[in-house]
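Labels for the chains are A, B and C, by order of writing; each one numbers its residues from 1.
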Amino acid sequence: MRAETTFKPDLSSQEEIARRLKMRARIRAYLASFTKHFTLIVVGLIFVLPMYWMVSSALKPNAEMFVIPPKWIPSQLLWDRFPKAFEYIPFLLFAGNTTYITIYNVVATLVSCTLVAYGFGVLQWRGRDVFFYLLIATMILPYQVTLIPQYIIFSRLHWINSFKPLNVPAWFGTPFLIFLLRQFFMTIPVDLIDAAKIDGASHPRILWNIFLPLSLPALATMSIFTFMWNWNDFLGPLIYLSDPNKMTLTLGLYNYIGPGWDRTEWGMLLAASTMIAIPPVVLFFFAQRYFIEGISVTGIKS
Amino acid sequence: MSKMSRRNFLKASMLTGAGALLAACGGTATTQPAQQGNAPAANQPVKITLWQSDWGKDYNEPMVKLADDYKQDVAPNVTVEMTFLPNVSEKLISAITAGNPPDCTLIDEGYGVPKMAIQGGLVSMKPYFEAAGVKKEEFIPFTWETIIYKGEPFGIPGGAGSILMMINRDAYKDAGIDPISIPKVPSWAQFKEWSNKLYKRDSSGKIIRIGHDPMSQWSNFRGIFDFKIYDANKTKLMINSPESVAALTEWATLLPPDVNYEDITSAVSGAPQNMYGAWMAGIRGMEEDDYWMFLAIDKYAPKMDYFVNYLPTMNGKEEEQKGYTGWVWAMAIPKGSAHQEEAWKFIKYGYYDKAEMLADTLNWPSKISAFAEFEKRTIAIMGQNNRLTPYMPLFALPKQVGAYFEPWTPIYNKLGDQFGTAFESIIRREKTAQQAMDEVVASLQPELDKAQGTF
Amino acid sequence: MTEAGRSVLHPKHISARRREWNKTLLGLAFISPWLLGFLWLILYPLFASLYYGFTEYAILTPPKWVGAENFITMFTKDKLFWTSVGNTLYYVAISVPLSTVFSIALALLLNAKVRGMSIYRTVYYFPTVVPVIASVMLWAWILNPQAGPLNYLLGLLGIQGPGWLSDPHWSKPALIILGLWGLGGATVIYLAGLQDVPTHLYEAAELDGASGIQKILFVTIPLLTPVILFNVIMGLIGGFQYFSQAFLGSAIGAGGQGTGIGAPMNSLLFYNLYLYRNAFGYFQMGYASAMAWVLLVFVLLLTLLIFKLTGRFVYYAR
């Protein structure tokens, strides 16, 4: 811009230019920031609007449900829809079942995945990589191809219409989470392991005393994932649960839709849906760091 | 230091995986009742399990009362435990396979009985029927086929239904049809004419009222056309025969030429979504159902001026009324039921001996001799002054004379699905009736051929 | 006495081979939970379903061998099979590219250093944790042709909104829209990938005079390609396993009209749904197993193909 040869510092015009450049830059930065914020907010609204619609419709009086133009803000807030939804569908029963299955899965998954991830990530042994590739391969397997024989296996064991087909497999680990934890384990410095070995610690000791304490974030991530998957699971309960006393929230709600007497009480159904969605959303809000980091780690390292 | 040696840990962790299996298998001790159909000594307390469709609190409670009445009046030692499921038929096979079926069950799915019977999932009722003197002629004509497999009964018809026309006087008047001029047994041509007249558009050209929705109730109207599905021996599909195609084409003309089906769904989707909501709001000009309509109408449209009329027949003649048809659910005993005898006794009580008690759950009994008692009970429930009460004899007639039914073959379910899709494509004007039916026949005739001899 | 102590005292008693073997045993022991589950619930069922694919099997009766009949019927006589394939491919072919483009765009947006970033991230991500039944019900409601807000907004723009879930031509687009609401999952992965891009490359590009868009096209995207590949594969696999939304969408949206699973008019009969219908609706487990294997072979071939093709396009900073 300024010719480097002229050296007469003409302060006033230089300052002018400098000031104007700075202001232009500041305006540009301001505009950029504004556009970014604006776009973020607009897109954010688009994402949030459906949820707002769900909650507001859940609270709307029936007469305002199907009006044209749609009523964005209900004239009354029928807060009692939420407790009423507890009667309309056996919400507490379903919630209890879902909670049981979810917590069982979290515990079993943590135990099994930890062991397996240690075997894949820390121990060095011949054949380890072969089995590891096998693990990866199973992640690509479409579940349909094992679904029917699994169903038949469970039915021969008389496990249909019980929680067992949904619970027991957790003891065998989840490939995705094993992978996640293994990657994490591999980031733990080898010197720690060597030091422990010199002290004479056996592997279970090492796992328990060294790896687990260091892996709490990863374990938290795994628990959260498992919670989400099980809380939201639909196909599993659909196939394996028939007794209404055993149904989970997602399955139970599905069974209450459909034509028929007062079956399409949208207000109730939406209220129930909102309540089903609350635990995962709340959990996510508080634990989003673990969630998002967990996904990023696997995404990148894969 | 570590007390666990490597070898011990080896064992321990092998067990984590295998232990899951063992630990879980321990639960297989879920008890299987040892008895298989042998009645326990009389007066031993017995509990039988029964699966019912979940029709909502209003219907579930009277069913439970039936069980209590049974306990009080007939068999004090028997407790009937009812479980209400939303999708009984879907879950029944799983339960039978898993070895823990209910002792008796309601089968709500159309022709669910032969569908299960062909797989050996149900217990034949022939010995029970013979011992109790239960005969085919005692039941509504169109219900018997639904419980038969290979000539033997595998269930007993329970609650039946058939439809009549529900006429909203104001809507008809608005469409230029004088309700007083409507004959008791209209002809098909008259029915179509009213349907066409009922279509109404608003100032912007959007449809705000429709006549008869061509997608609804075909299965209950098809008897009027004497719609042939199979030939006499059930070896050949006849849905693409000239008569059947003509019937479908004629039915499809219910959709006026200037209306698309999307207009109908659009018009109806905004209606209140309770039972008959669209009809009560005047959006659906024509609606049909059975007598239980009074419940919804009393609840949601107590001031509506309506009346009830027979469905049309082809030429408006009474002798053609044997073309009426309907649907029915059945009670059956699954294979593996632990208390067959007791289950049968309960079924016989609630759905045969005392069939009129089905009135309490708003179900019409299939046993014709129970009709009179049933009507009395129902009128007591509805109220002598209910707007629907005078029409009860109208509701009874299709059940006394209606004889049209769809014969059952093993391809019934697939046929239902494929025919339904084909039917929809005809109404949506994507295919002609001949094309659509030819495709279905091409797809399913080979399966029907294969299934010959199995039913 | 510790293990280490023992081996120091008696070195010759444990040969190298033996040590290797012991290590392998230990490794196997640790992975035994997964391994046992793999053998019992994955490997065995894999071969069992292959076997069933060659039989006619209605659960209560034993399987009956019919040779390749299921496969022949599937490919030559069963029109619904091809319908379900078509529906699935339609969905995958549209939703995978769309969601890739949009989620990258969103990730770029979110990569800015803006205050309140974690709130935005939450907002974009949380639709993916909403249970599917709630989200389908919600969207069926939003897409209600008469009274739903979407058609209302379209109406404000002068467009007559279609019947969405009740219209066979628009039911899949309806599900695609529902799927786009769940972009947050992929976005988050792209975000992490973006943060891995070395800043010195951007500086170098700036020195060369690159504009903002050019920077994105020639620096960001190429370096994101491994992440894109990962997401595309995950998207494809997810697409081929698509079930719950279609199942619930046809149940809720078609509202009792039409023919049940896959309504209206089989427009929502996805591959998986048709499989489910065959297995649990018609009790034809053999046919359903055959369908499952066809899908497996297809997915394997597709994955191999992708890896082969993208070898050239994907950049690995190794």
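The criterion applied here is as follows: a residue touches a chain if its C-beta (ideal position, glycine included) is under 8 Å from a C-beta of that chain, and two chains touch if they have at least 3 such contacts.
Just so it is clear, the structure is predicted and the values come from calculations on it, not from any experiment.
On a Cα centroid basis, the chain most remote from chain C in this structure is B.
Central chain by Cα centroid: C, whose mean Cα position is closest to the mean of all protein Cα atoms. Remark: chain A and chain C have CA centroids separated by 15 Å (rounded to whole angstrom). The distance from the centre of chain A to the centre of chain B, each centre being the mean of the chain's C-alpha atoms, comes to 41 Å. A separation of 38 Å divides the Cα centre of chain B from that of chain C.
In chain B, the residues touching two or more other chains are 1-2, 5-6, 9, 13, 16-17, 20-21, 90, 97, 270-271, 273. Along chain A, residues 66, 68, 111-112, 115, 155, 171-172, 200, 202-203, 259, 264, 266 each make contact with two or more other chains. Multi-chain contact residues, meaning those touching two or more other chains, occur in chain C at positions 2-3, 26, 29-30, 32-37, 40, 59, 144, 146-147, 255, 280. By the touch criterion stated above, chain B contacts chain A in their complex at residues 1-2, 4-6, 9, 13, 16-17, 19-21, 24-25, 27-28, 30, 54-56, 58-59, 83-87, 90-91, 94-95, 97-100, 270-275, 295-296.
By the touch criterion stated above, chain B contacts chain C in their complex at residues 1-2, 5-6, 9-10, 13-14, 16-18, 20-21, 90, 93, 96-97, 119-121, 215-216, 262, 265-267, 269-271, 273, 335, 413-414, 416-418, 420-421, 424-425, 428, 439, 443, 446.
Only residues 62, 66, 68, 108, 111-112, 115, 155, 157-162, 164, 167-168, 171-172, 199-205, 242-245, 255-256, 259-264, 266 of chain A touch chain B when the two sit together in their complex. Considering their complex, residues 33, 36-37, 39-40, 43-44, 47-48, 50-51, 53-54, 57, 65-70, 72, 111-112, 115-116, 118-120, 123-128, 131, 134-135, 138, 140-153, 155, 169, 171-173, 175, 178, 197-198, 200, 202-203, 228, 231-232, 234-235, 239, 249-250, 253-254, 257-259, 264, 266, 269-270, 273-274, 276-277, 280-281, 283-285, 288, 291-293, 295-297, 299-300, 302 of chain A touch chain C. Against chain B, in their complex, chain C makes its touches with residues 2-3, 22, 25-26, 29-30, 32-37, 40, 58-61, 77-80, 144-147, 162-163, 166-168, 255, 257-260, 264-266, 277, 280-283.
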